[in-house]
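A, B, C and D label the chains in the order they appear, each numbered from 1.
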Amino acid sequence: MAVQQLMVQQGLRYRLYMQLVPEARFRGISATNLLVVGLVLLSFLFLALETEPTLNTQPGWQQAFAIFNVFVVAAFAVEYVLRVFIAGLDPEYRGLVGRLKYMTRFYSIADLLAFFPELVVMSLGLGVPLIGLRVLRLFRLIKIARFVPAFNIFGAAVRRAGTQLLTALAMALVLVYVSAVALYFIEGVGGEHQESFASIPRAIWWAIATLTTVGYGDVYPVTPLGRVFASVIAIAGIGVVALPAGVFASAFSDELRERQDAKLSERVHDYTAQAEQRPADPPPVD
Amino acid sequence: MAVQQLMVQQGLRYRLYMQLVPEARFRGISATNLLVVGLVLLSFLFLALETEPTLNTQPGWQQAFAIFNVFVVAAFAVEYVLRVFIAGLDPEYRGLVGRLKYMTRFYSIADLLAFFPELVVMSLGLGVPLIGLRVLRLFRLIKIARFVPAFNIFGAAVRRAGTQLLTALAMALVLVYVSAVALYFIEGVGGEHQESFASIPRAIWWAIATLTTVGYGDVYPVTPLGRVFASVIAIAGIGVVALPAGVFASAFSDELRERQDAKLSERVHDYTAQAEQRPADPPPVD
Amino acid sequence: MAVQQLMVQQGLRYRLYMQLVPEARFRGISATNLLVVGLVLLSFLFLALETEPTLNTQPGWQQAFAIFNVFVVAAFAVEYVLRVFIAGLDPEYRGLVGRLKYMTRFYSIADLLAFFPELVVMSLGLGVPLIGLRVLRLFRLIKIARFVPAFNIFGAAVRRAGTQLLTALAMALVLVYVSAVALYFIEGVGGEHQESFASIPRAIWWAIATLTTVGYGDVYPVTPLGRVFASVIAIAGIGVVALPAGVFASAFSDELRERQDAKLSERVHDYTAQAEQRPADPPPVD
Amino acid sequence: MAVQQLMVQQGLRYRLYMQLVPEARFRGISATNLLVVGLVLLSFLFLALETEPTLNTQPGWQQAFAIFNVFVVAAFAVEYVLRVFIAGLDPEYRGLVGRLKYMTRFYSIADLLAFFPELVVMSLGLGVPLIGLRVLRLFRLIKIARFVPAFNIFGAAVRRAGTQLLTALAMALVLVYVSAVALYFIEGVGGEHQESFASIPRAIWWAIATLTTVGYGDVYPVTPLGRVFASVIAIAGIGVVALPAGVFASAFSDELRERQDAKLSERVHDYTAQAEQRPADPPPVD
């Protein structure tokens, strides 16, 4: 019976390992991790709603927020404990030393910060967590970044664009600065002494709003000369300030296409090799 | 005489079938269906004008709207009845059961919703149709979607872009959320406690207006720190939020080029095969 | 002496033909036509300044405008007479009938409208030309369109983009309409009954300002639901409304590249054929 | 001992030459020149802060600005003297005549203007340099343009785009002008006689703000006809005004890719030639 129990236990551990560790799966995402992603997204929705004065002053919503927060913190605490426990299946993280090594990984620290501070505040009976604590919830983004390849692509695209992106950014910043200096002299020093152009930093705010074409309308030149300059800057400069975005978009697109091609050829390889056994076996149980 | 009459009737049915069923035509659009498209577009123009207070309070315009609506509803009713009647030429929709099968198709239901609710309201003498009914007129878009390949291309481009579009959208949304959280803390919690940044949902409204470069100007940061952050977000983020649009545009362009190539090679094929008979003969009359 | 005089006259006519008729030149633009282009551009600058209240109420500027207008009208009148006179060198436009044929060409009519109405008003002593007359000066754009290949490229790019441009435009317009209907119901009918969303045509103004990312800020949703919809529309829709622009830009770029390649191969051909005589000789004198 | 001293001096000169003259280095940037770039960037930050009223009225900041300015001017003066002195190592600039030739180069004049006017003002004890002098600090951009290849790429991309860029710009300007004339007549002359459309130059300001999609919101049409025209112009015109930006971005991207390819093949060449001696030896000492 002890052997049977052990076997059950081993099977449970094996299944837990397959469910929790994203690298254990050959492809796709496990049901448990999908649930974690969903819970994180839901917690971001609640984080947003919780800050809305028209909601967080109503007792009903307050209670809903409190219950949901307790639930999420508890769920992530359980998830964390299970992750640390199951990590031992990997020879690298076996034993107490291995567990400590696991817990000091970047992702594990993010996992901890995603619930621990709020757990402490809740346990100490401080009621509603303080506003500063809520920012720590953004660490939950890192939790799900592991499962969503898009986040890795982002960084890869930035690295791929490299020099080109830096060059484009440098040119954009020089243009913003020079435009701001020009309008500062025309509208701030001369002209009608507009408050919004009274210094170069203020004029930079105008230059960025204009050259990115956001154009809030809180600042704009009013003198004829200022408008002539702003027009020339707008027509000539929008292309320059849009360069970094274009460079990044192109790198992102190339990166994604390459990955899809790689995945495709991998699948073709799988198909031809399908008679062989599974390549990513779980590590032996300790 | 009975035979002659039958032949005339058969000829009429055949012509009707060729006019109404878009699939019966080898290429292009029939005169009747072109008329339907024109009528739908005109009905959208009238729907717009009908809601304009400076027009719909004048008796002359009121009368024009009423007459036009009766005309359109009558025309679409006749068209619907003819479509159901002529559908029987197709073996699939022959007989009463076939007709019912035809009427429960997606496009047939849209055809019905495009006129029936208004017809009921008119028949019951309720006068001007209620505002809610007017939304149903948008089903007329589906009526014409059958004849306009552009609408199919839209869906095909979305499917083609697939994962890339989803990835780009996910990255855009994460950036919007993180930007909103940052500005919420800087401008809403700290700063000058701006009402427009008093919660994350409100800050999301600012983030979307900024990162899409719409920049209405109803919300913008006023503190120096908020402006520094908003500037960085604007320059770095516009590229990210523009990614989905770029991915879609590229997929749309590829899809359209492929279809034009296919059409061209089809025409070349037609030319070489022009001695043979018409491939898409109408189904035999029941 | 008569023969000599004739030869001088012939030489003058030949030189005039080479100067005035753009097709007579193998490549580039003649000094006279360049002067015409410059004069047209200058007249557009003056047309703009002339409408500015802070300038046209000052006697000095009024005089400058009046003198310049008389000069330009006289110059274009002389140019027109010379063009009609010299057109006779071309066998097609020889004699009175040929001249009439020449004068009824599209470009000749534009040439006439570019100065004649103002000449009449000036001759009748009506002083400053009326405001309506000024619009006719835009015909001067057609005068210079003959010499500037860019204008032909524009049309060629539109034709090249063809179906793709129409499809993209249709999709953009459908999206504008549907967005306007949605916000009309949310903000105009429901919500806070904003005046700016009180009808579909008004909501279309909002939809266009938003989807083109112009975002004046004169109209924007204020209800939470309206903002959620506007956000979704903005993120998803900007790509669609930017499609026609992207399609056109791509067609323009392809067209220009093709022309440059053609010009290059033409030059290579010229170089190999440079021993032969000039291909485009002026037609014989009548 | 004199020989030893000479050798030390020669070594110092050689090292100075390697540090100061960017062309002396085979690749990359020397520590000294990197310091110059950093100092220039810092001086731009200070130039911006110095104009901010909320800072430059505080004694603490005033002192910081004054000390930093003295330091920067002194540093650039020392740098200039060293550059002129060390230029003599190059046979072209040897002796007094050579030094004069060096000092009248474009880059040397920029180097001089970057500190000399402020040095004079400081020496004459005029205290804080006048506002006009500060513009001369923008010459410091030229100082660093020598070390940063991005600035050369900018010019190269403009030349590469050439005719295409000019054509696109011409089309954009024609569209801006025609749009402005149309709205001037609709909104300024007719309509509600809006002040903002009261002349063509004012309408041009609207046209540029709209067609670049900046849309400050200080000017927009209010009449139905004006809005219809503005909508058509916005949807059709944004593509045209975005053309120059697109053309430039494409030329920039091509230029950069070509340079990277050239650099790569250069490196491959270096690798195969690595046994040979350094190609760019410093010139012999005078």
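Here is the rule we go by: contacts are C-beta pairs under 8 Å (C-beta built on N, C-alpha and C of every residue); 3 or more make two chains touch, one makes a residue touch a chain.
Bear in mind that the values here come from a model prediction, so they are computed numbers and not experimental data.
Shared numbers divided by all numbers used gives the overlap of an interface; between chain C and chain D this overlap falls below half, so the copies present different residues. A count of C-beta contacts for the chain pairs A-C and A-D puts A-D on top.
When every chain is reduced to the mean of its CA atoms, the largest separation from chain D belongs to B.
When chain A is fitted to chain B on its Cα atoms, the angle of the rotation, on a 0 to 180 scale and to the nearest 5, is 90 degrees.
The centroid of the Cα atoms in chain A and the matching centroid in chain D are 35 Å apart. If each chain is reduced to the centroid of its CA atoms, chain A and chain C end up 49 Å from each other.
For chain B, the set of residues that touch two or more other chains comprises 201, 204, 213-217, 242, 246.
For chain B in complex with chain C, the residues that touch the partner chain are 44, 47-49, 51-53, 131, 135, 138, 141, 148-151, 153-154, 169, 172, 201, 204-205, 208-209, 212-218, 241-242, 244-246, 248-249, 252-253, 256, 260. Residue ranges on chain A touching chain C, taken from their complex, read 213, 215-217.
Residue ranges of chain D in contact with chain C, taken from their complex: 163-164, 167-168, 170-171, 174, 177-178, 180-181, 184-185, 188-189, 198-202, 204, 210, 213-217, 220, 224, 227, 231, 234-236, 238-240, 242-243, 246-247, 250.
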